[in-house]
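Multiple structures follow.
What follows is chain A paired twice: with chain B in the first complex and chain C in the second.
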Partner chain A sequence: MSVDQIPNAGLLEYEAVMVGDKPTVTSRTWYHWLLLTAVILFAAVSVGFVGTIFWSSFPTWAHHGFTLLTGKGWVSPDGPFGGLAMITGTLETSLIALVIAVIIGLGTAISIVFFIPRRFRTVVATLVELLAAIPSVVYGLWGLLVIAPWMEVTVNPWLNSWPFAKGIFGSPGQEFGTSLLLASVVLGIMILPTFVAISREVIAVVPQDLMEASLSLGATRWQMIRQVVLPTAKIGLLGATFLALARATGETVAVALVAGSVANAQFHLLYPGTSIAAWIATEFGESQGKEISALMALGVLLMLVNVCLALISRALVNRQRRILAKV
Partner chain B sequence: MSDLIELEELPVEAEHSMREEIRRVSERMRGRRVATSRVMVALCGVALVVAAVPLVALLYQLFDKGLSQIDWSFFTHLPETPTIIAPNATGGVSNAIVGTIALTIYASIVAIPVGVLVGVYLAETESKLATSLRVVSQTMAGAPSILMGLFAFSFLVHDLNIGFSSIAGSFALAVLMLPVIIISTEIAVRNVPNSLREAGLALGAKSHKVSLKVVLPSSITGIVTGCILAISRAVGETAPVLLVIGGGFTNSWQPFDPVSAMPLAIFENAKSEYPSQRAQVWGIALVLVIFVFLLSLTARIWASRKQQVRN
Partner chain C sequence: MEQEIEIMTEIKSETTQVVTPAVRGAIAMQLNNVAVAFHGRVAVRDCTFDVAKNRVTSLIGPSGSGKTTLLRALNRLHDLTPGAKVSGQISLEGTDIYRGNLTVTELRTRVGMVFQRPNPFPTMSIYDNVVSGLRFNGIKKKALLDESAEASLRSAALWDSVSSRLKVAASNLSGGEQQRLCIARALALDPEVLLMDEPTSALDPIATLHIEELMKTLKSRVTVVIVTHNMQQAARISDDCAFLLMGEDRAGELIEFDTTEKIFNNPDDSRTLDYTLGRFG
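Up next is the complex of A and B:
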């Protein structure tokens, strides 16, 4: 349940109302001041959070301008610093991961809500949420030590036998176990529990009346799902998708482990690559001065993308809630 | 209208054959609908299985490869660096375990009180400040965790020059935990029925007494659940601590010393060239996952206890 659904009690305003229309000094006890101190502390932290990262990235924007967005090469320690490889890497990995997670996740969520016997439903839901709690570094470890060797020996040769393989995946023999494709698959598996957990909740709150009305008109189960449940839950599911996308773009260590950490702007999926967040994690330890500022600038980019996605997702989920309130 | 009359006037045999035709067509349509439905339901089931396979495989391999790595010295010994002469000398990971516990404790000491107080403020007041802070905390809760590391680095390590230390790491983790605690506290406090508040106020209690003695005790389960979830998230995070804790090789509880952490040890040793070190990583990962699962399960049990009390 979200905060916005519960009316505000306004306890700390009662006294002000009782004393007079405007809060008076006498109504402020030590408790109010304690709360205000914590609030100011949090506000300062959040302002500092955005402010310091922007401030530290300033030299890069000032000296190199927007070559960070368009430049191809990343030469440490003095630049030029081009972020195109990280930006394309982030886009490729998170979009492929999103496609994987949404297709599988939607089916899984529907199965959990409608087809699994009631007894097992809570068990499965708990399992999904536990899986969402597994640290991302563990997914990265599994991808690197288990999936990467398997990809290299079994999957890559098979993919290379496809038509147009050279255009999509790159020349055979030049690819590694760690690649953008592996990073996308691991990311997809990682964001799957998050997506399933949210979309399960969205689907589960579709009013029972609507579904029963559909069934009573003779619809089959799938017709009910496709014509009633999915349209009703559409906007909330879109919100879940954006949330999963936000998580995929921000994921750091798993991608740093399995993508191969090579800053090379290209679209061949079996070549190694990197993403914005992963590049920050892999480069930060050995960088100084100008390069740190350039990495901070990448961080600013990541923050802007993430805030946009989070706000869109929030707006969508709120809209879904208003729609359901009307039904 | 005329059609209807014609229909009524049809001979009995024709009417019969027409009904038969309608029945046949609708039967065929129904058959197609049912078949589509079955196929799609089966596809959903397939999706469930496809989703379960990698996750089950991950858990199985984690236990399979991790359990054999864990013995007493795993927890008590410091790590050793394998050499060509002694490629199996990995030692234990006590520094990472001590580091994770120290980081989590320091971060919780700051984040829990501040987070709970801010959550109470957001739940009990209605002002522009509260509304904007609510949006800020919800946005921060989804922010990529590496940004917390960048913040801690540029603020503590670079600007204040305190060096790579566990205090910098726990600062990053505290920033990560704050929004989670704030959001869950706000929900828990708002869920307390208003009649309880009004009863307290009607008895003449001051608003801060009502908040401390009535509202907080009745929302404590929700608050504790949120705090445990925040801790379980902080324990597993690699990215924020990666940039600022320095990866120390000693068991240090000192706030200004460089320390290691379990996720960091996994991240660094997973790419090791020594098979013994790569194998040991599974042990660390298993301990970490068990730790996180225990925390999440505790949180869930707390939450269900709350529901039982309600009912």
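Up next is the complex of A and C:
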């Protein structure tokens, strides 16, 4: 029986077992009431938080409805408020960031588990995970001051040398170099530690004897990784991907700094754009009345999406754990 | 205990001819002064014996005597363990497996392994499990894979119960069936030697019986080396037997190697007798 399967016996069940059929709580001392108060406070704050956001966004849903999701313009302070630019911006930046993070991250995680000498393994893993502790404003600054000039000189002209590139990327040469592509790259680097940390764990718990079985059948190390380890860890890796995606869609400050804060719904990746989170952050200071409600509505949307992504991620990682428990 | 020993003797006495190591015929693997150490700490040493072709050789001894460690040296599984060092000489058909002209992947296709816990690949179907070794070795032709899958599953006495559901996930099989699948998977590569590390310790008595029956039929085509905790099992199925014991410095060493008949009835070393009589272990 693995640790996960042990029933989570709380204090009350324990006493019930000890005393008889009915749980008998013998002493209600001051800490009992303190804990109860803390729990009630927490519940109240959570409900209040979610409730007020939904409540404040209600006028926008009532008056604009789905034009918030599909409308193109954003006119302060009275509307109309169209969220299409923010939604597409979020999707574009997050998905490109995810591709970057998954490619680099999977390679990193595999290397940490299989190729880096045992002595350095913990050091490298810790360093990668420490990247997650860097405040996002620092990533934003770095993106703006270091990556943006580099991309303007090197990457953007190269991208535009491809056929049909203008259609995908648009012309380079925006001021400050802010663009959706820059935001994607910075986001990709930011969500890398999350993806590496989880996928490394998922890969590391693939049972040793499965790997030995494949080697005993004459598999090379690489065949073992590709045909046994990665397929076995697949569901957990998908969970890591969803969590990284949740990080990307929710990231605010860095995107606000490097995307350019322009509410244009377009697919030209070298043009400035914005994301839902970044737009809320940049607009909130000057907003009033109807616009506050519209921003709250965007917030609700973002919150729902992120909660779903986090739940999916958790479900996948748990499912992986159950699969391995059975193996 | 008394009764068990009687049964054991009975089973062994069915063997009509006493075969001494000198006349056992061809040699599949030769071990010469083999020792395995981890980070300089010796786990097993002084192992010198020949594994005879088309016979079942069992490695017996109490926990910590280095049986599994020795077995894993025979297909170089210790290569993966940092700090592990195998010394002495192990040869397969005369070729030194550590220093000779034999790649580690080639060695492992010729010396297969079945593990303690049934460990079919959980993401693969029954069919894909059986042919995985062939695929690792670059064989893609479907006719060839199909043919080998059927032959291997038949050899492992599993074909009749799975032939209609080859595409089903291997995890749907029972423990005993999974272990037979692992045997089929190893047999698909047509190895010369099959290493088995306590292959029945995770199985119920009926499944154990099936695997033991299987081993008896398999030895006509493959040489078997089996680690077992279960002395009756060693007596029932093996032809030759190596007895290992943990020495004073906690390193396992070979105490005696001979035919199973002799080890269980008339061993040279008194410690072997004590162990087979169940006086310790």
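Observations on the model:
Just so we're on the same page, the second predicted complex is superposed on the first by the 297 of 327 C-alpha atoms of A that agree within 3 Å, B and C clash if a C-alpha of one lies under 4 Å from a C-alpha of the other, contacts with A are read in each partner's own complex, and residues count from 1 in each chain.
The working rule: a contact is a pair of C-beta atoms (placed from the backbone, for glycine too) under 8 Å apart; a residue touches a chain by one contact, two chains touch by 3 or more.
Everything numeric in this text was worked out from a predicted model, so none of it was measured.
In the superposition on chain A, contact is made by A:G250 with chain B only, not with chain C. Touch criterion met: A:P231 reaches chain C, while chain B stays clear of it.
In the overlay built on the shared chain, the residue A:A277 is in contact with chain B alone; chain C does not reach it. In the overlay built on the shared chain, the residue A:I53 is in contact with chain B alone; chain C does not reach it. When the two complexes are overlaid on their common chain A, residue A:L145 makes contact with chain B while staying clear of chain C. In the superposed model, A:I103 lies in contact with chain B only, and not with chain C. Once the two complexes are overlaid on the shared chain, A:T220 sits against chain B and chain C alike. By the touch criterion stated above, A:T29 is placed in contact with chain B alone, chain C being left untouched.
Of the two partner chains placed by the overlay, neither chain B nor chain C lies in contact with A:C308.
Between chain B and chain C, it is B that contacts the larger number of residues in chain A. Comparing the two interfaces of chain A, the one with chain B and the one with chain C have residues 220, 223 in common. On chain A, the positions that touch chain C within their shared complex are 118, 207, 209-220, 223, 227-228, 231-232, 234, 323, 326-327. Listing the residues of chain B that touch chain A in their complex gives 33-34, 36-37, 40-41, 43-48, 50-51, 54-55, 57-58, 61-62, 113-115, 117-118, 120-126, 129, 133-140, 142-151, 153-155, 158-159, 175, 178, 182-183, 186-187, 190-192, 194, 197, 201, 206-208, 210-212, 215, 232-233, 235-239, 242-243, 263, 266-267, 270-271, 278, 281-282, 285, 288-289, 292-293, 296-297, 300. Chain C contributes residues 75, 77, 80, 82, 105-106, 108-109, 112-113, 115-117, 119, 121-124, 132-133, 135-137, 171, 182, 185-186, 189 to its touches with chain A in the complex.
Taken in their complex, chain A has these residues touching chain B: 1-3, 6-15, 29-32, 34-39, 41-43, 45-46, 48-49, 52-53, 55-56, 103-108, 110-112, 114-115, 126, 129-131, 133-142, 144-146, 189, 192-193, 196, 220-223, 225-226, 243, 246-247, 249-253, 256-257, 277, 280-281, 284-285, 292, 295-296, 299, 302-303, 306-307, 310-311, 314.
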